[in-house]
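As written, the chain order gives the labels A, B, C and D, with residue 1 at the start of each chain.
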Amino acid sequence: MIRLRLSIELDYLVLSPSCDFVFNIHVAHTSRQTVREEALTLDPCQRAEVQLDPVHGSRYMRLHAAAGPLRVSYQATVDIRHHMEDPARIGEVPVSRLPVHVLPYVYPSRYCQSDRLLRLAFAEFGHLPPGYARVQAIRDWVHRRVLFQSNSTNSTTSALDTLVERVGVCRDFAHLMIALCRALNIPARFATGIDYGADPALGPTDFHAYVEVYLGDHWYIFDPSGTAIPMGFVRFGTGRDAADAAFATIFGGVQSPPLPPRLRIEALTGTPDLTLPVHCTQALSTDDGPPVRQ
Amino acid sequence: MIRLRLSIELDYLVLSPSCDFVFNIHVAHTSRQTVREEALTLDPCQRAEVQLDPVHGSRYMRLHAAAGPLRVSYQATVDIRHHMEDPARIGEVPVSRLPVHVLPYVYPSRYCQSDRLLRLAFAEFGHLPPGYARVQAIRDWVHRRVLFQSNSTNSTTSALDTLVERVGVCRDFAHLMIALCRALNIPARFATGIDYGADPALGPTDFHAYVEVYLGDHWYIFDPSGTAIPMGFVRFGTGRDAADAAFATIFGGVQSPPLPPRLRIEALTGTPDLTLPVHCTQALSTDDGPPVRQ
Amino acid sequence: MIRLRLSIELDYLVLSPSCDFVFNIHVAHTSRQTVREEALTLDPCQRAEVQLDPVHGSRYMRLHAAAGPLRVSYQATVDIRHHMEDPARIGEVPVSRLPVHVLPYVYPSRYCQSDRLLRLAFAEFGHLPPGYARVQAIRDWVHRRVLFQSNSTNSTTSALDTLVERVGVCRDFAHLMIALCRALNIPARFATGIDYGADPALGPTDFHAYVEVYLGDHWYIFDPSGTAIPMGFVRFGTGRDAADAAFATIFGGVQSPPLPPRLRIEALTGTPDLTLPVHCTQALSTDDGPPVRQ
Amino acid sequence: MIRLRLSIELDYLVLSPSCDFVFNIHVAHTSRQTVREEALTLDPCQRAEVQLDPVHGSRYMRLHAAAGPLRVSYQATVDIRHHMEDPARIGEVPVSRLPVHVLPYVYPSRYCQSDRLLRLAFAEFGHLPPGYARVQAIRDWVHRRVLFQSNSTNSTTSALDTLVERVGVCRDFAHLMIALCRALNIPARFATGIDYGADPALGPTDFHAYVEVYLGDHWYIFDPSGTAIPMGFVRFGTGRDAADAAFATIFGGVQSPPLPPRLRIEALTGTPDLTLPVHCTQALSTDDGPPVRQ
């Protein structure tokens, strides 16, 4: 079992008379990701409404903030009991057997225009046997072709831009991998967390974007940017792409924060059942699949 | 009350060993749209699984078809008791009060890149008082600027393309209107049905795409293409945009159908409570809002 | 020496009161391409002004046509004495030694956005030794990745679209190859002619677009679509891309022609010095470089 | 007559073993723009080759620089005797009468995709009588719709982006105006100089991009960004768009300069024939049209 302690501190300066925020920085509730304790502080103090998306376990905090400075501080300790599987035993799910709630993840989205990549995806990966290894091949293809470079892209950059320009940050790697998976009818979604284990040379600890792919009834984790250690990813949110799963969506006027986000994450040990996150060859999932409904 | 009888006949020639289809041609179940009777025929005969999306009431029929010809025939009779409202009494919902399940409809999507239209939308519509009339102004703006021309666009055409090129079909009008609404934080979604009342000069009866906008707790109908009579729209599906709400999504090889889709729709009268769909100035909705869950 | 006889017949129906045309269907005058005889017929009869571009040798025929049908017929017999060279002896020209009039061909243009392909081009071809063989590698890369399919693209399709979608016609292959060359600072331009030697299975004889690359003081011919025999290419025009070098640019209203273009080209033999165009491994040029000016 | 004294100081740090530059910072030679004196200093000292484009009068300085710092300093004093004309007397030139060398300026280019704006341009400006006033209306349309904001765009931003996003710097205003003119078959080109008379609130004196439109045998100056005084524009270069007319094109590795460009420009007076540049309603040109060739 992995136990992680994380903290997030965000500063804003609200300009307009008031401003609405939707934050997605609370640790998601999944069958394998359990919050042991958490604390939220808002300065100035105000009531924050936290809503649970019952399908995905994501939690959204909505604030209506007055003009002036706003500081959001969140700390949590989380236990993750990964579903781990031998990649060789994980197959793709034929379209005819995909659950209805998974189908949207094979359709194109704002930043993942998979509809335009059918020929490319088939030419590059169509000959590989379906299964986890094929998805890993897609992940490696993206990882080898795209250069990680901070501040090289912006909020309009899409998978097609990254395919062409071959540079980006973690969200761009994720978008391109997602688009290629969907072009092969493999459901893929965007996930957010913190870059546990990232090389300090890349900068201070930051939010991270990675990929979850639906294979054999689980959403498995892939990290095409290769900048961090997937076993240490605590999931905040998931979505079709970054349009759905920003850590903060702001409706109103906000000045660039006086301070950048300050994040920390560390793995806890000390009891026999706790291990440190490490790079591993097992397939990992923190999600046993959507809850049964209907 | 409106009573409509419709029929749809679709032909395909499946090329590959087999092919998966997801059809969304069943009349949606909503609190105001009731199916009196319906019939489905598949030739060659096979079992079809029809799944209900409990949130939106859309119904998806999934087929796994063998190589060879496939004919899908569907007939239904539907009663619609519209929610009708005086436009002057309908306001916009502030972001801070939008239900969580409505929030995704203010985010950009594949064909509705609202994130790039913030300045344009604010310059053109920011000075108008919030409410139904402002959304109607957006609808009229799109309607006046875009030329309806059959076959002028394709499956990759997005709202930005339509803004630039100013030509398109009903789905393109819908995408542009949706993108402009979202740029103003007004939730808007894509809806599909049949073009009841369309001028025969535009061609034979066809599938139709239009817009639903979330205002005052209802999803109100808008038809930016102006080619048909909204009061006669029977809803099949809704989605973020055409990527989510195609009447048919095909996974596999299919030859262009030997025959085009053949659709018919007519309004029934004969009893005192039945009226014909007409153009009206009232705001119309076939959806009382998402069901209460959680 | 190659001798080719060609004919072109084009039909238009001018709709508006009048319409301006710029045709580029006359055989270009170059030091190695000599017109033995040619004839032009316009129906209805009118005066046609043919202007020579003294830099490139292209000839532009401008017509101001009245409403009604217009037929343009052109026949020519041309002799080509190719400059032929052993590819192993052909180097690239360093930017610092490129003539000023060649510099524009390393800059991006409407359909060849080389500025966005620097990383991709360097990653794929940066390790190859500069020279003709590297350009041939670019040509082969494009040829292998893109599928030739009639009517798969339109007049707005650019090199980036072709890179993403991997399908197109000869002009799309040319645009992608040009963009990749320029991304490596290798001057490349768009050339037009007739698809001598094309497989009849691809359709009737048609206009052709190919590439000329500036290497060692000559503009060498490359055909990334691989659909025809370069030794049989008679050059009509050159330009930065298809925006500059259309066979017909039309200013005004014209109905889709009642008949498609009708082209014919054949190689003549019968005297000892005349040979048939064949695929060959020699580098070919019909252009000894721009005339010395200033 | 206008007399301007200008100075430019540019710093680079060449990283790679060596680097090629093409500078276009010398005052252009035109029939109405005369260099009284000029001086160039390169540090470290080296030979610089300055080539004249005989068609446009632009001068290109090419350097092959070794690794290490490079400073380029240029000063000039220029006399401009504008061609001035009453706008009411200036008409558009019908396509059928455009000189061949002007035709390329009605075709689309990298950043000015006029081919996609035909309907929009015709809808917005097609009803206006042809002539200078219509071009002025295009200039005003762009000026009113686009917000000037430093650093809001980058080197890939095109006219379509500016049309959609409605923000940019002078080069973006110029690209959009050029694209709209060409969509109406009005030849338009990109011109570069210094922002004489710009409001210091916009930042220090900088390079400027503006538009020249071919009307009645002259290339008339338009400044859609409205940030400076056109009568004080000294022309350095012209081109199809910014791809052709950068003040510096760099082939090789260069670090962001330790110092930003330092530009100064001032108008000289003191003799009776010298006047200060002012905003005026006359049409202005520094170019009597291309030299007669052929």
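Quick note on the criterion: a residue touches a chain if its C-beta (ideal position, glycine included) is under 8 Å from a C-beta of that chain, and two chains touch if they have at least 3 such contacts.
Since the structure is predicted, the reported quantities are computational estimates derived from the model, not experimental observations.
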Chain by chain, through touching neighbours only, how many steps does the shortest route from subunit B to subunit C take?
-> 2
For subunit C paired with subunit D, centre-to-centre distance based on mean C-alpha positions, whole Å | 31
Separation of mean Cα positions, subunit C and subunit A [Å, integer] | 48
In angstrom, rounded to a whole number, how far apart do the mean CA points of subunit A and subunit D lie?
-> 45
For subunit D, residues that touch 2 or more chains besides their own | 116
In contact (per the touch rule at the top): chain pairs = A-B, A-C, B-D, C-D
Residue numbers on subunit A that touch subunit C, as the complex places them | 116-117, 119-120, 123, 145, 147, 160, 163-167
Subunit B touches which residues of subunit A in the complex?
-> 20, 22, 51-54, 60, 62, 64, 94-96, 100, 103-104, 107-110, 113, 115-116, 155-156, 185, 240, 243-244, 249, 251, 293-294
